[in-house]
Every structure is written in structure tokens, then in C-alpha cells.
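Heads up: the structure comes next, in C-alpha cells.
Chains here go by letter, A, B, C and D, matching the order in which they are written, and residues are numbered from 1 within each.
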Amino acid sequence: MIESGDRVLLVGVEREFFVKAGPGTLSTDKGQIDLGLLVGAKAGDFLTTHNGSKFTIRIPRPTDFFTYGKRSGAPMLPKDIGLVIAYTGMNHDDNVLDAGTGSGIAAIYFGGVARTVKTYEVRPEFSVLAQKNITEAKLKNVEVVTADFLAAEGLFDVIHLDMQIRPEHIEHAHSILKSGGYLACYTPFLEQMTIVVDAATGRFAEIHTHELIEREMTRSKRGTRPSTSICHSGYITVARK
Amino acid sequence: MIESGDRVLLVGVEREFFVKAGPGTLSTDKGQIDLGLLVGAKAGDFLTTHNGSKFTIRIPRPTDFFTYGKRSGAPMLPKDIGLVIAYTGMNHDDNVLDAGTGSGIAAIYFGGVARTVKTYEVRPEFSVLAQKNITEAKLKNVEVVTADFLAAEGLFDVIHLDMQIRPEHIEHAHSILKSGGYLACYTPFLEQMTIVVDAATGRFAEIHTHELIEREMTRSKRGTRPSTSICHSGYITVARK
Amino acid sequence: MIESGDRVLLVGVEREFFVKAGPGTLSTDKGQIDLGLLVGAKAGDFLTTHNGSKFTIRIPRPTDFFTYGKRSGAPMLPKDIGLVIAYTGMNHDDNVLDAGTGSGIAAIYFGGVARTVKTYEVRPEFSVLAQKNITEAKLKNVEVVTADFLAAEGLFDVIHLDMQIRPEHIEHAHSILKSGGYLACYTPFLEQMTIVVDAATGRFAEIHTHELIEREMTRSKRGTRPSTSICHSGYITVARK
Amino acid sequence: MIESGDRVLLVGVEREFFVKAGPGTLSTDKGQIDLGLLVGAKAGDFLTTHNGSKFTIRIPRPTDFFTYGKRSGAPMLPKDIGLVIAYTGMNHDDNVLDAGTGSGIAAIYFGGVARTVKTYEVRPEFSVLAQKNITEAKLKNVEVVTADFLAAEGLFDVIHLDMQIRPEHIEHAHSILKSGGYLACYTPFLEQMTIVVDAATGRFAEIHTHELIEREMTRSKRGTRPSTSICHSGYITVARK
């Protein structure tokens, strides 16, 4: 049941709106919608504009926060977030530390998977934005900490770093990672990747650097083919303690 | 705390053993280990062979079940499992239906993420094997059903199909998927992918077929380079209701 | 020595002009150049605008015709042209048949490699354009034929098809190919590729379909990384008689 | 017409033999062939073993020398040789300098395209082997020089380096390259590629580093799919003077 203040997607024909349930009116080219009617409704219900257009109510999923969440820069892509989840085997028993929160998109995905997520962001304006996105995603197990990753304490099952990584970060990650746990480091550039691999070598086991080249296959009347543009984003190094 | 019958990994220097805690002895080239000593121990503890070699105790994670779980065929690769999790935004609120259980590896990953997983496998010998792997992974939220996917009932947030897909499977998936939920279909061959896309078109929204080409970067004294072998596995079509 | 009417590249700082030597004046933002001065000059010589800017004279290479040649559509990319040359072992002893001339770019590359190239284009407006590009490239061993490929006669070492291919085209190619020679078929879509492979199977030997995914590595102050956009163009099936 | 001493391919059902025409007998599991009969024969003729098996005569093309030429190490792959030819626009007017001859395979491909090829190999045992392959390919326009690339003199249209490249090599290449000509450097490792790019920057124009990821599409009764193994070989940096 949708409560006042909840984020909701209104999905019409060829258009979507990411709105807040509660007092107010959404004006669309298909007419107006009273957002107060969202309170108490549920996913799959319809709202109708004053001139009869129908919009389906959708409760946002992490994929929607990737699309509609406020951004402070380029967030990690879902393919890379999925790689981190799969290669660390992240699951509901895990306490996860995430550093370099950015806009909090990765933390939102991780929060839906893990027991708890503690996400460190040293830039206050970024952590405020991330907190906003995480609050809207209604994740109570994700804590945003405005501090340097080197200040992080505790013991974690998975540590994920998406920041300018120096050797001392790898060393610190090792000190607060459980035996058998995983470190995953996202680095857009090759030079950063080599810093991670070199600092992890000797300290961690099972060090592997992955790169995912993603293509979409398109299918039209003319035929089936890969789309011409393919996404490179970064290298992900996964290592185990 | 490890209980009798639990799966445990014993990690020594350059060797690992996937064992069961409880009565019995493991013979290694580094000496013998009394597996009864595992009961009551915890992750990170050490066991010592009768001639002094040390083995670290590791509680298996999903990644270890990918490596050591019994197999009935080629399981989905972690990169593809991660893609399904990320592109569906699978999370702890979700009831997931998985069909084409195989050896249950994908179900184990999904079980660590979702609220519940119901996995359908029509071949009894496969479902028995999958049940064994899932039991060892101690996942109480995963149910193996030995039946055809078309017999599945209920309402799910995410449906994942890794089987020979015909148009009626796509139609059935649509009928038991919640509004806003996702269908993800894994197909090794292009011909199967086109069946999925064509059956989903008009019925589902946001239909995208992804292909992940994965490379490992290797770093040695000679230098840094992509490894020469790259993995193609299958096409994954994700569609939304 | 440059003759009147020859195509020449004038290369200045951050700008290039593809001009014709002979009577006339080129106006640039760096001043005017008397194109008559090009006649008798040679590659590497400089011309100076009336206000003192220097331009280097470059005799165009096939790469320049790819950039500056007139186009009737999307030409084959150099990576794919190179694949055809390499996988057929095209060389100065070869008589090459090319069909689907388009703007003649592939024929220009092949003409620089082979003994002779006969290129078939059924659309007169395309063959006129291609003839213009080929004449400007000063290739006397390339003949443009405005006719259907099925009308081609003779005996060739290499046949290259970049057109809507039907099974009878593959059959015809076989009939006019020398023993030991190669057929190379460029097809943007998967459906077209399967027509080629199926028609070649049983008739040709050593049938292989290649796909080249090309990435550029970029190197900046921030670091080294693959550029995010990668080119898919088509599938190239090479088969041997 | 085949002369005594010429390399010939004998192509039977599911087997091929790379032989020399002239006195001697080839023993196969399908019977014996008198190699003297090859002298005076031509491509596409048949030879028959003493017990009636037919073999087709094939005059080797560069692709066959890639397969059957004697090797001193891993030669450049055809896809990369094709890229060099295409991105430099190598053609019958060009004088090409190749350094790091290896077994001479790239020089054989280039020799079939360019006016002349001078190929430098500092290791005498490699240059002897390369000379043998080049002689068998009957290329009279390819000269093997047993010397360091830094000793090379003259003026070339295209320079190709496949060796351990240091900055002085790039500088030297620039000094013996014609205005408008191209340098192409093949480097398996990233560290070598950065040396090339950094040394070329400021000295050359149009510097681009390419990577070709090659996949084969396979088509069987089960369906069409990319083969699982994909070839990474090296980075190719092309720069223009």
C-alpha cells in the first residue's frame, strides 16, 4: 500500500512519470492527475487523467532508481553492479561496505540484496544526494556515512570500492574484511586497475580483473543484428581474503 | 557456528577441499584432518593436519557452490546470473519463479537475494540433484518443484527461464507476473532468442536482448593484456510487464 | 608529379582540404591558395596562403578516399575491407570480382592490392558515382560494370559480395571462381548471413563467418581506457572453392 | 605452370598436404603420389594416388603460408595483418618497411600487396627461416635484411613494427617515412602500446590505437551462435606523418 511521500511511477502510453504520492497535481499532455489518489493504491492499479487517459501505478524497483534517481555523476552501470553481486556472491546474510557512494545507485542495488550496507562518501554534497535517493527507495538497511573510507571500522563480508583507489585503500579493505569475504574494485582506467591488482597481489587470493563488453541485439523488420554501439565502462577487480 | 552435516571449505596452500562437517577423516597430501572438529567452529578458524599443515575454515558462499556444487550440465555463468539480478533489480522483497532449474546454481544465487524462489524442473533426476545443492547451501526460501513451467501458478515479481522456450512459455510467464515485474530469458542460440523476442513483442514492454562478452585482464611480469579467451554463453532477453 | 585534375589533400593545422589541382582558388579561414600551383608539385611540398599559412601537399591514399570519397550510402569499414583482403590473401596476382560497388570504396582498396578488379553495380546512379571516385583514385585496373552480378562472366581468384545475397548468387559465384579461390560475403544482418552459410555449405570448403568488434584505446591525462563506443558493422563469411 | 621446387597444396577429402613439386613420392593413407607429376600441372588439376584417390592441385596463397609456413614463434594473425593493410591503405605503389620479420608471414602478405617490402630481423636464425618462407611464396619484391631496424635507411610509404618497441624506434620510423605515409605498430601488451602512443604523440598525426576482437559465428543443427572462444592478440597503433 502506497503511503504519502512514497515514490511512484505512473506509466502511460509512451510516457512515464516518477512522482511522489500525496497532495498535488501532475500535469501531463494527456491531462491532469491528482497525486493524492495514489495514497492507499497499489502496484498495477490505474489512475485516470481528468480527460480520460489511463496511467498504471508502478512501485519503483532498483532499475527505476537507476533511471530516475538524482545523479551526482555517471553511476555504475547495472551490468557492472550485477557483476559485483554475482562474483562476490552477495546475499541476504552479508554486511556490505561500499565506498564512493556517488549518487547511491550501487548502494540501492546492494541494499536490496544484502543484510546491511554501509556506504562511505567523503563529499558531503554527494552523500546528501545519495541519502535522498536511498530514502526514496525505502531501504532501511542502508546507512550513508559522510567520511573517508579509511575511517571505516567493523568487519564485512563484501567491500566494494568505486573511487580513486590507492594502495592503502586495498590494505585497509583487507583489515576490515572477513576471512572468505570479497573485495570488488571498480576502476574506469587501466592505470587504476593496475594499482588495485598490484596492491592486492600477495595480500588477497583469487584476484581476477573482469571486463564486460555489453551489446544489445536489435531485431527489426530488416533483420537481427548487434546494435552498433557497445558499452565499455570500467574494469572490475574481484579478490578474496 | 558450523553444525554437523554443513558444507565447509578447507583452504590450504594451493589446495581446497569442499567437505561435510561431522564424523569422518579427510586425507590430503598434507596429512589427515578430523572433520568432526569442524562442528562448532566458525569461518576463519584454522584446522591443522596430523602433521602440522594449516587449513582455514570457510563457510561456502554462492560462488563456492558455483565451483563445487554437483552439476547436471553447464550451469549459467555468474556474469549472466548477475545480469539477470541487475536488469530485473531482483531484491529481498521479490518472489521469484525460476524454470529450468538444472543443477540449481542460478536458484542458489537468486535465493540469496530474493524473498522466495520457486524453481521448476521437469526432469526428476535434475530436480533431485538441484535439491541436494540447495539444501547444502542452507537456503530455506528456495523450493524445487518437479513439474513443467506451464503448471506454475501464483504471482511473481521476477520470472527467469533457462530452458527450451516456446511462445506459450512467454504467454504463461506474462499471466503469472505482477504488473511492473520482469521476465528474463536465457537462450544460448540466436534462433531461440528470436522466438523469445517475437513472443514478447506486443505483450511486454521494455524488451531488450543483452549479450555480455567477458574478458579477463591478466597482469604478469611481461605486462598487462586481455587474456586470449573470451566467454560467449548466451543472449539474455529482459522484458517488463 | 601532380597533374592537372589530380585529387590532392592540403593539410594545415587542424584542417584539411580535398581539392583538385589546376585552375582555381581555394578560400580558407587561413587565407587563399592558388590551386594551379599544385600542378607539378609533389607529396610533402608546402603551399602558402596569401597571408602566410602553410599547407602540406598530400597525395591521397585509399584511406583518404574512405574519408573524402563521395558516398552513396554507408561504405564498408576499413576493418572489414582489411579482413576480406587478409582472409582471402588478396594479392597482385589476383583478378577480383566485386559486386555491390556502392560508392566504390572497397573497390578502391582492392584495386590497390589486386591485378584487376571488376566491380558490378546494378544501380546506374551508384555506378556513376563509384566510377568518379575510382577515376580520382587513378586506378586503371578497376572496371565498373553497371549490371547484375548474375551477368558476370570469367574466372576470378577472389569474389567479394556486398549486396542482398540470395542462394543463386552463391551458386553463380562458385561457377566463376577459380579452384582454390575465395568468396567473401559481407552481410550486416544475421538472417542474411545464414542464407550465405547455408547456400555455401556443401558447395564450398573452409566456410567461416567472422565478426570483428573494433575498439579504440584512448589515452589522455586521466588515463588509458577503451573508448566507450565500439563498432559492429556486419558478418563476413569467407569460403573457399 | 608449376615448376620443379614450387610449393603446392594437394587437397583430398579431409586432408591436405603442403608439398614440393619435383622428384619424390608422397605417401598418404590414401595411397602414393608421384610428386614429379606436379611439374607442368596447374591449379585445379587432379592427381590420383596409385590406388585411385583424387587430390586437387592448389597453388598456395598467402593464407596457406599462414597455415603451412615454418614458424619461429606466434605470427601476427590475419585479422591484424588485414587491419594494418586497410588502415595504412597499403597498395601496389608502396615501398614498405617491416621490422621484426619473425617467420615472415606478415611480410608475405605485405609482399602480395605492395611494390616492395624490406623486412628487418635482427636474429639471424629467424631471418633465415623467414627467407625460406618468402622464397617458397615466390615473392621477388620482398627483401629480408638481417639487421637492427635502427640501421634501416631510405624513404618508405608504410612502416610496420612488430618487435619490442622503444621511443627511439618511433623517432627513427618518423625519419624514414614519407610525408603522408603511415606507421603501424603491433604490441601485445598495454605497457608497450603506451610507449608507442607516447613516443608518437607530438611527432605524428592521426594517432589511433585499435583492438580487434574477433569472433567466429558457428551454425549447426542446434542453431547459430558465436563460438565461445574469441581472439585477443594485440593492440595496433596507426599514426600518420
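Before moving on, here are some points about what is shown:
Going forward, contacts are C-beta pairs under 8 Å (C-beta built on N, C-alpha and C of every residue); 3 or more make two chains touch, one makes a residue touch a chain.
Predicted model only: the values in this text are computed from it and were never measured.
Steps from subunit A to subunit D, minimised over paths through touching chains, total 2.
Centroid distances built from C-alpha atoms place C farthest away from subunit B.
The centroid of the Cα atoms in subunit B and the matching centroid in subunit D are 45 Å apart. With centres defined as mean CA coordinates, subunit D is found 21 Å away from subunit C. Chain centres here are Cα means. That of subunit B falls 48 Å from that of subunit C.
Among the residues of subunit A, those in touch with two or more other chains are 190, 213, 215, 224, 226. In terms of inter-chain touching, the protein chains here make up one closed cycle, each touching precisely two others. Pairwise, the chains that make contact are A-B, A-C, B-D, C-D. Residues 9, 11, 43-44, 56, 58-59, 61-64, 66, 78-79, 81-93, 109, 111-113, 178-180, 182, 190, 193-194, 197-198, 208-219, 224, 226, 235 of subunit C are the ones touching subunit D in the complex. Contact residues on subunit B toward subunit D in their complex (touch as defined above): 188-192, 213, 215, 222-234.
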